[in-house]
Amino acid sequence: MIGKVLVANRGEIALRVIRACREAGIRSVAVYSTADSGSLHRMLADEAICIGPPNASKSYLNIPAIISAAELAGADAIHPGYGFLSENSRFAEICERVGIKFIGPSSQAIAQMGDKAAARVFAAEAGVPITPGSTGVCASAAEVKRVGAEVGYPLVIKASAGGGGKGMRVVESEREAAGAFSAASREAAASFGDGSVYVEQYLEPLRHVEVQVLADAHGSVLTFPERDCSIQRRYQKLVEESPAPHIPQEVREGLMNSAAALADSLGYEGAGTVEFVYSEGNFYFIEMNTRLQVEHPVTEMIAGVDLVAEQLEIAAGEPLDPAEAPPAKGHAIEFRINAEDPRRGFMPQAGTVEFYNPPGGPGVRVDSHLYPGYKIPAHYDSLLAKLIVHAASREAAIRRGVRALDEFAIAGLETTLPLHLAVLEDEDFQRGGVPTSFLKERELRNEKGLLRLASVSA
Amino acid sequence: MIGKVLVANRGEIALRVIRACREAGIRSVAVYSTADSGSLHRMLADEAICIGPPNASKSYLNIPAIISAAELAGADAIHPGYGFLSENSRFAEICERVGIKFIGPSSQAIAQMGDKAAARVFAAEAGVPITPGSTGVCASAAEVKRVGAEVGYPLVIKASAGGGGKGMRVVESEREAAGAFSAASREAAASFGDGSVYVEQYLEPLRHVEVQVLADAHGSVLTFPERDCSIQRRYQKLVEESPAPHIPQEVREGLMNSAAALADSLGYEGAGTVEFVYSEGNFYFIEMNTRLQVEHPVTEMIAGVDLVAEQLEIAAGEPLDPAEAPPAKGHAIEFRINAEDPRRGFMPQAGTVEFYNPPGGPGVRVDSHLYPGYKIPAHYDSLLAKLIVHAASREAAIRRGVRALDEFAIAGLETTLPLHLAVLEDEDFQRGGVPTSFLKERELRNEKGLLRLASVSA
Amino acid sequence: MSETSNRAGESPQKPLPLDEVEKIVDLVKRSDVGEIQVRRGELEITVKARAEPLLSAAPAISHHKAVPEPASEAAQEFSPKRNGLCEVRSPVVGTFYRSPAPGEEPYVEVGDRVKAGQTLCIIEAMKMMNEIPADVSGEVVEVLAENAEGVEYDQPLFYLRPEE
Amino acid sequence: MSETSNRAGESPQKPLPLDEVEKIVDLVKRSDVGEIQVRRGELEITVKARAEPLLSAAPAISHHKAVPEPASEAAQEFSPKRNGLCEVRSPVVGTFYRSPAPGEEPYVEVGDRVKAGQTLCIIEAMKMMNEIPADVSGEVVEVLAENAEGVEYDQPLFYLRPEE
């Protein structure tokens, strides 16, 4: 039994967890930095504790402050949300040590999947297809060349401790191997304090698909139909949908079985996501995110599951009920509304929300920490709101998305709302199944105040 | 094919229809009174036409103005919403005459169900159980006494042209029959311009349950699991849920079959609701509402159907797909947030919405025309917003309701939000299946700023 | 207003001209401008309108119709008389016709003098012809609607300059 | 208030025209303008309306926590010095202890004179004892937290009256 949960996060995901706690009859404790004293997560939680100054390293990433807050509040569990400490195995380990339940997998599982090179090996051993490439870390450019000779070019070098595109280099030919290796290692060392890299075949065009996993403490694993997160800008997802368009049923089953096999062999507990690339009918493991994802609501909408409620139940030791993964229904799309100006190079926006009115009506869900008059601090990430639409078919979901985006009113700063309308208008997007290069291959044009996407001519 | 719909309504239901049009690729035309120039329905429709001054009889009830607006805009259909002209058979007939599709049943079906005494006879002929009482209209107090002698007291006299409790009198014994008859006739004549009344056995305690019907132009009828609308104040529904708690499956089937039989024998087209009283295992027909109801979203939430989209398709002549009434899933509850002060005798509130932030997150739907800064005109009904929650079970839906109501922020005027929290806290409500006398049997108490319901001691 | 210059030789005991401030406040409110500043010599008065914090932001977001436009109510309050002109507005929704029948002469032209009660136009609504009369006597200054076009309730149709 | 004049030729001894300020305040409140500024010579009076009509409504709804409380930021800006007192705030989240160990004497009592750098209390966080020093020399005026209770980041712990 969990009686009180400390939510070690901010913004919409802190609200998401606070809401789930409230509905489960669990008391919630918000932690906040001094920059977030006017935040909804502080106001909606049952209790709130200030843990530090605006700088995240001294507040939301400040392990001693968060553990102290949990001890002071008498919380018996901590929900890390996403980002911040959610995939920090040391944090999970400290929680384990001080007897506070970390809502997520064991610190060991986090560490195993946190080392991306080792995770590849682990996945391969669990029978999950991996992209052809190095077995574990590459110690030198020579090893990159050896892989190149074996699987062919282009290759991609990735940081083993990484994610999000940092420490990543594409290698078009053997000539580039040495330069790319040292550049990637340097960047990885600078970004993650660990210069280890590994190398894979570079598949292009590819789609990013991922499978949501729920696993309980008793060995049961549930998986859900895949999400497609191919609409990205600089490796940041912008639009996610489920199910992925035009994925054959046998591939879907393959994805779900692979994700289940990996979770199983990890002895995984809680919610997690296994990410794959999908290219020309084949899929390959990329990495596993050992936490809740930003885009979890699209799965919730089509499967009728409450993933955060499930996390809380799993953390309390309750067994999963396989009936909780019923056949998915309809199609859901999520749009990330960021405080960025798509008309000016996605320049980050801060300031006050002068006017705010989210859309309503059927099939519309909004997860957001905004309110009219809210001052957006400049210290944290730019996600303002997630709009999720659900309808009987993908076509209907797109139309609902257009309707809801058009109603969504945020004034006082620029947001990515117009970009999403432009994406929904794109014919390739409407057909479905576009690759991750979708946005890179298009330029944004301003036409009569509306944003449109136009293909970049070759 | 319908290309353009005039929405002959205002407030949240006008928005509901405009949203459905938008999602169906149909242009929408809003009509508005001068009091509604700052309304969202005016702003979100594709076109908007001012049809008159604030007084509804000169604007939203002004048939020539609305027909003229439809002709000017070139609308090929009119959606009447609920209230106003939605059950006005003359309006439907004029639409038929001028060749504008009235989105709803034929004027004849509206008229047949509009005469409540005749509707009883019609329902009985269709094999639908009706409350014991008069066959058609009662011409005199003597007829009331004859019914009393036959079925016993108490009886209830109702206006044949009526609805909403007007022209209604309970008759406890034969002694009261003459007085009640003349009072009811007088009130009915004053309220509806028609003094006809009929009499029924007065069942108490009773629950109000109703069945949503969809019927296409080709003879197909779909029905959905019943809604329970027993939480009422002065015959005005406040909370509605679906399915009704503790209704045996065979009763559910009986209700749905009765509703289908009635719609069938009427040659009904469009969306409609057959209302029943449910008392001690039996159900009896009360009336049929030949329009969309305020509480239609609870059915949408559990059945995954879009009733307004279906109305538009039916109006366009498309056949219903029986797959559109899949097994209902979970439990939904709707709360009507009215501009009324529950702490002061439900005094109507007008004024400006100083702050507005609707709740978000999973399983929460808000249908509302509010925005921060909106000035609520004093001329129309008090419904500000509908909050609908959906969860896997009734218990979970109640907890979600508490969470969402507590987050729902409306400042600048008093609303029924605290009343709803008090209802959800009530143990009898939590057990489920309370009668329509629920609120009458309780008094509202103010405890430390919170509203609570307490049983009135006998 | 003080005629002496600033700095040296000031007379700070002189009371502030609060009645003049009040007039400027009035002017700001009536005129719907953002700010008025008056300076003469040492005296300077600045009055700023209260920012509409909510709705003033609306124009910032281009395509989002959901943000309320400044309500037209205020405009309507003032419009019946603009520069001493009388506005004739449509009492019904319908089609505006300037002449009794196609091909016939318009009821009125710009420059015509009309008497109160004289028909200015007809508006057809549901096959009914509604004659719209002048409510004052005076000169037709402008016709604001197009012949045979739809007009909504309260839409301005004519400007009349009333007789003195 | 400073007694020396800041500008040559001014007559700072002259009393401030508070009644006039009050009248302008009245005018701002009555007229609902945003700001009035009146300057005459060396005298300048500016009165701004309270902004944020949005959130002022918050107290109207009692139990709805979702409506933002007036942010505490403003309060915090002013708090480091209240009436010339220095506030010592907690730099960490933890448990506040007034003495080095249970049963021992408190580090300081109200009325004690402390030197800058002297330990005032300890805050335990994750079994670590953090000594919290005085940042100025002066007198302990008030102890704001309870012994053995939790304190959050930035929570005021002591008031010190700094030495002259």
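First chain written, first letter: the chains are A, B, C and D, and each begins at residue 1.
The definition used in the following text is that contacts are C-beta pairs under 8 Å (C-beta built on N, C-alpha and C of every residue); 3 or more make two chains touch, one makes a residue touch a chain.
Note that this is a predicted model, so its numbers are computed, not measured.
Engineer: If we look at chain B and chain D, which chains touch each of them?
Structural biologist: Joint contacts, listed by label: A, C.
Engineer: From the centre of chain B, which other chain's Cα mean sits the farthest off?
Structural biologist: The most distant chain relative to chain B turns out to be D.
Engineer: Chain A to chain D: how many Å between their CA centres?
Structural biologist: Using C-alpha averages as centres, the distance is 41 Å.
Engineer: Rounded to the nearest whole Å, what is the centre-to-centre distance of chain C and chain D, using the mean of the C-alpha atoms as each centre?
Structural biologist: 50
Engineer: How big is the gap, in whole Å, between where the Cα atoms of chain A centre and where those of chain C centre?
Structural biologist: The mean C-alpha positions of chain A and chain C differ by 54 Å.
Engineer: When the C-alpha atoms of chain A and chain B are each averaged to a single point, how far apart are the two points in Å?
Structural biologist: Between these chains, centre-to-centre, one finds 42 Å.
Engineer: Would you please write down the residue numbers of chain A that are in contact with two or more other chains?
Structural biologist: 44, 355, 357, 371-373, 406-407, 409 - these are the residues of chain A that touch more than one other chain.
Engineer: Two or more other chains in contact with one residue: find those residues in chain C.
Structural biologist: As it turns out, chain C has residues touching two or more other chains at 53-55, 65-67.
Engineer: Which part of chain C faces chain B closely enough to touch in the complex?
Structural biologist: Per the touch definition, chain C meets chain B at residues 54-55, 65-69, 71-73, 76, 92-95, 125-126, 128, 150, 152-155.
Engineer: Given the complex with chain D, which residues does chain C contribute to the contact?
Structural biologist: Checking each residue of chain C against chain D gives 2, 6-8, 10, 12, 14-16, 18, 21-22, 25-26, 28-29, 42-51, 53-54.
Engineer: Which residues of chain A touch chain B once you look at their complex with the stated criterion?
Structural biologist: Going through chain A, the ones touching chain B are 15-16, 19, 22-25, 44, 297, 300, 304, 306, 308, 329-330, 355-358, 360-368, 371-373, 391-392, 396, 399-400, 402-403, 406-407, 409.
Engineer: Of all residues in chain B, which touch chain C in the complex?
Structural biologist: Those residues of chain B that touch chain C are 34, 37-38, 40, 43-44, 49-53, 59, 64-69, 71-73, 98, 371-375.
Engineer: Mind pulling up the chain D residues that touch chain C in the complex?
Structural biologist: 9, 11, 14, 17, 20, 23-24, 27, 31-43, 45, 49, 51-54
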